[in-house]
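One structure follows; several queries about it will come next.
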Amino acid sequence: MDYLLRILILALIYVILSGSLNLQLGYGGLYNFGHVAFFAIGAYTSALLSLAGVPVWMAMIAALLAAGLAGFLIAFPALRLSGDFFGIATLAFAEMARIFLLNERWLTRGPLGLPGIPRPTFTGQGVGALPLFALFTLALAAAVLLLLRYLESAPFGRALKVVREDEHVAQALGKDVLWLKVRAMACGALLAGLAGALWAHYVTYISPHDFTLETTILVLLCVVLGGKGTVWGPVLGAVLVVVFQEVLRFLPLPAQYSRFIAPVQGMVFGLVLIVLMLRRPQGILPEHRS
Amino acid sequence: MKRFATSVCAALLAVALCAVPALAGGEVLVGAITPLSGKISVYGEGFMRAMQLAQDEVNAAGGIKGKPMKILFEDNGSTAQGSVSAIQKLITVHKLPVIFGPAASSNFLAVCPIAQRNKVVLIGAESAAASISKCGSYVFRVFPSDLLQGKGVAQLAKGLGYDQVVLTYVNNDWGVGLAEVFSKDYQAAGGKIVDQFPHAAGASDYRSELLRIKKAGVKAVVNLTYIKEAATMLKQAYQMGLKVQWLMGSASKSPKMVQLAGKAAEGVIGTYPVVSQDTPQYRVYKAAWQKKYPGKKLPIFGEYNYDMVKLTAKALNLATAYNADAIRQALIKASQGYIGVTGDKSFDANGDVKATYGRWTVKNGKIVDYK
Amino acid sequence: MYYLQLLINGLVAGSVYALFAVGLTLVYGVFRFINFAHGELITWGAYGVLLFMAPPLGLSLGWALVPACLLAVALGLACDRLVYQPLRQSDRVTLLIASIGLSFFLRSALQFIFGADLTSYPLGLARGFSWGELSITGVQLAMVACAVIFLGGLFLLLTRTRLGKALRAVSDNPELAGIMGLPLKQVGWTVWGLASLFAAAGGILLGMDTSLDPFMGLANLIKAFAAVLLGGAGNVWGALLGGLFIGVAENLSVAVLSPGYKDFVAFAVIVVILLLRPQGIFALAGSGGVR
């Protein structure tokens, strides 16, 4: 039972994370390959503050604000670039952030990481106190999904999709293209920060090694696999990816074969991305075109 | 959509139910977080074998109050994150009250708050970082704290006549901790640290760091690092023509280091917690190992793992119940005066043990004691 | 003296980055997309040597070099044929994502076979050559020599041969080149062959200089990216100079920053260039040409 809860919590965190990337990539056409940076900023902000004695709920709010601010600041310079170059720039930014976290030991303890991150007081501190934490995560994930659903049909979301399809048309219609994109980046970053904070309090130990390019690729896979531009697409993608990862870990392999699990996961995920691009770039759940 | 979701959940449930091992009523389970894959998996294999050797001996002698002892190995992938997942699984899924902690101080330190918070006994066999002493009342280790080794290295440097050194250390909990202790003791004894900096673990190119050492122009360098890192640094120093006296810690004392570094390792001097190979306990351990694993070399820290399991078995036999608090009390009692393969394992108030530190050097391609 | 040594180290590293960057930029010039899987050609080239040295073939290091390079070339061509060619008409982001997936796949496959640990070639230990305070090893000299030879060869190819001129024409204007009847297929193969060969050679040299690990390709890919962007995407000589610049900048940075920030330099260059001058320092009017 507890193991199922663990998978559920992980899946829900990824639902939030892929939903946030989808806001930028799916709705806005912004290929942000540095998303893990916002995840990391959320995780570290919440962890550092709560380890310093700040109540967890306050630390989490600070975390999502910090991530949102980062998204806002990155947006202005980066958005002048197009498509793939924007992706490279955001990727470079994420790696710079990781190297910074790795080296500034006075702030983040560098590679030593931050152990002993507390859980929110109302969910209980023990490792086994999962049910309440799972409910908490579920509530947050549901809230995020409702928000994304609302945004999709709200003027903001619709304008964003027009921008994605054809910027010039959007401009001709009088939309402030840059401001729309900036808001998409900031909002997506804020939600990614929330996912990061949740994750930090769930695993109770974080280090810069957890925030590599691989995580960005995984989240990208969730969005692209499930169907970008829809609300449920990334949810489906997140569930599929997380379940696959955990099922593979569960296989009763003799100990000497456990070293193959991670490479096999990587090969499967890589292949799925390739096949998706070749055969069905829109993902599993198609977008409704109104 | 709904049917798809239900079938996914059903599949998950099925897998979960199959995978949780039936807790056989007839066995006493102890968890072990071991690096069976990843960067230090080559050592993890040795740890596992040594623990299994001890487990077999315990069971041959009657087990725990008549029931066989079984160690449940959980792979941590050699990472701290993996250790955290492993301990969460061992505590939530298997509900184990006593766990053998993972190797490498950083991995151990990542899980000890979890063990302490959940009131689970955690024992370490290879973790030296001084900060582990502060982990809490449920945390023990049969390996001596670096608080003692730091003094040893400082005495080594001063004793050999080096009043000025450059200090470099691997950038993780073990390196940082030991460097701090060394630095305090060395400077208190009048030594001067001309330059100090951490170096990354697992890098393939240390030439920038070596150039910095060359620039400082000292005769001796205190390098507190692991086997691969030490070998790479020694080799690249050799290629660069950098000639200094290398003073190292216990983590690089290994035939593997000498094998990797070749002639570049010649003349390195270091400290290590002495485990005498002349005691009857050691001879018995060695013979038992060779009988169970003919042809396999004795693993690094195998003796510590062996002692850990044996001592825990003694405690489990003494314990009034199979829960963490009872096991904890029994462990403290069982350790007093317990002479294992690695010496006296009496736990002090912090769950630490004592040790004496000797010196090693590399001579003619072999690691020998330094006189 | 300290700075001079750092400069030497920088030029050595830069020569290898130049090899990688030139390959990457050739592909961009002709096919117009960023090949994220280029790094894996580096890694597979380096590990290829180990593959051919292991049983059942059991070749010695020297004999394993050529087969390893050929393996990388075959791999590069296969990637194009199986993944990139079908996507020729898709937009650049789709190609980039596909190449990210390919890179992930190839890196994991390598870890599956070889494990995730650091390994090295069974080379003996030798002292480097020194002049006073400066030193350089034999392998480092080989790195520079190799870069000079390969890039010199490329120069001859691009300026003296029909194929080379066709390549330049294609990267200038693929549609027109097709209409003019230039051998697009041969040009494509040549580009992938050269890019893979340069990557593999660089990877092998890096492996000889330090060691091998499954992430070595990815780490160097970033430096190659920075060099390509610095020189202007598609510009071969820009990539060469960019590579040298990155190598020197990285190594000199150690004098002021902590060594842990060495990799930071390449990323910072990428970000700065993209923000200030995305077309690169050496961009010419109508950039994107292989000149």
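The letters A, B and C name the chains in turn, as written, and every chain counts its residues from 1.
Everything below uses one rule, namely that contacts are C-beta pairs under 8 Å (C-beta built on N, C-alpha and C of every residue); 3 or more make two chains touch, one makes a residue touch a chain.
Note that the structure is predicted; figures quoted are calculated from it, not measured.
J.: Need the most distant chain from chain B, centre defined as the mean of C-alpha atoms.
T.: Greatest centre separation from chain B goes to chain C.
J.: With contacts counted as defined, which of the two, B-C or A-B, has more C-beta pairs across the interface?
T.: A-B
J.: Express in whole angstrom the distance between the two chain centres, defined as the mean CA positions of chain A and chain C.
T.: The separation of the two C-alpha centroids amounts to 31 Å.
J.: Could you state the distance in Å from the CA-based centre of chain B to that of chain C?
T.: Computed value for the inter-centroid distance: 40 Å.
J.: What whole-Å value do you get for the distance between chain A and chain B if each is reduced to the mean of its CA atoms?
T.: Inter-chain centre distance comes to 35 Å.
J.: Provide the list of chain C residues touching at least two other chains, using ranges where the numbers run on.
T.: 116, 258, 260
J.: Residues of chain B that contact two or more other chains, please.
T.: 38, 171, 198, 200, in rising order.
J.: Specify, in ascending order, the residues of chain A that touch 2 or more different other chains.
T.: Residues 259, 262 of chain A touch two or more partner chains.
J.: For chain C, which residues are in contact with chain A within the complex?
T.: Residue list for chain C touching chain A: 33-34, 83, 86-87, 90-98, 100-109, 111-112, 115-116, 218, 222, 225, 229, 258, 260-261, 263-264, 267-268, 270-271, 274-275, 278.
J.: Would you tell me which residues of chain A are touching chain B in their complex?
T.: Touch residues, chain A against chain B: 1-4, 6-7, 105, 110-113, 115-116, 125-128, 130, 203-205, 207, 209-210, 232, 239, 243, 247, 250, 252, 255-256, 258-259, 261-262.
J.: Could you pull out which chain B residues touch chain A in their complex?
T.: 1, 8, 12-13, 15-16, 19-20, 36-38, 41, 48, 73, 75, 77, 79-81, 84-85, 87-89, 91-93, 106, 109-114, 117-118, 171-173, 176, 198, 200-201
J.: How about chain A: which of its residues touch chain C in the complex?
T.: It comes out as residues 31, 33, 77-78, 80-81, 83-85, 87-89, 92-93, 95-96, 99-100, 102-103, 213-214, 217, 220, 224, 259-260, 262-267, 269-274, 276-278, 281.
J.: What residues of chain C sit close enough to touch chain B in their complex?
T.: Its residues touching chain B are 2, 5-6, 9, 116-118, 124-128, 130, 135, 137, 209-213, 216, 251, 254, 258-260, 262.
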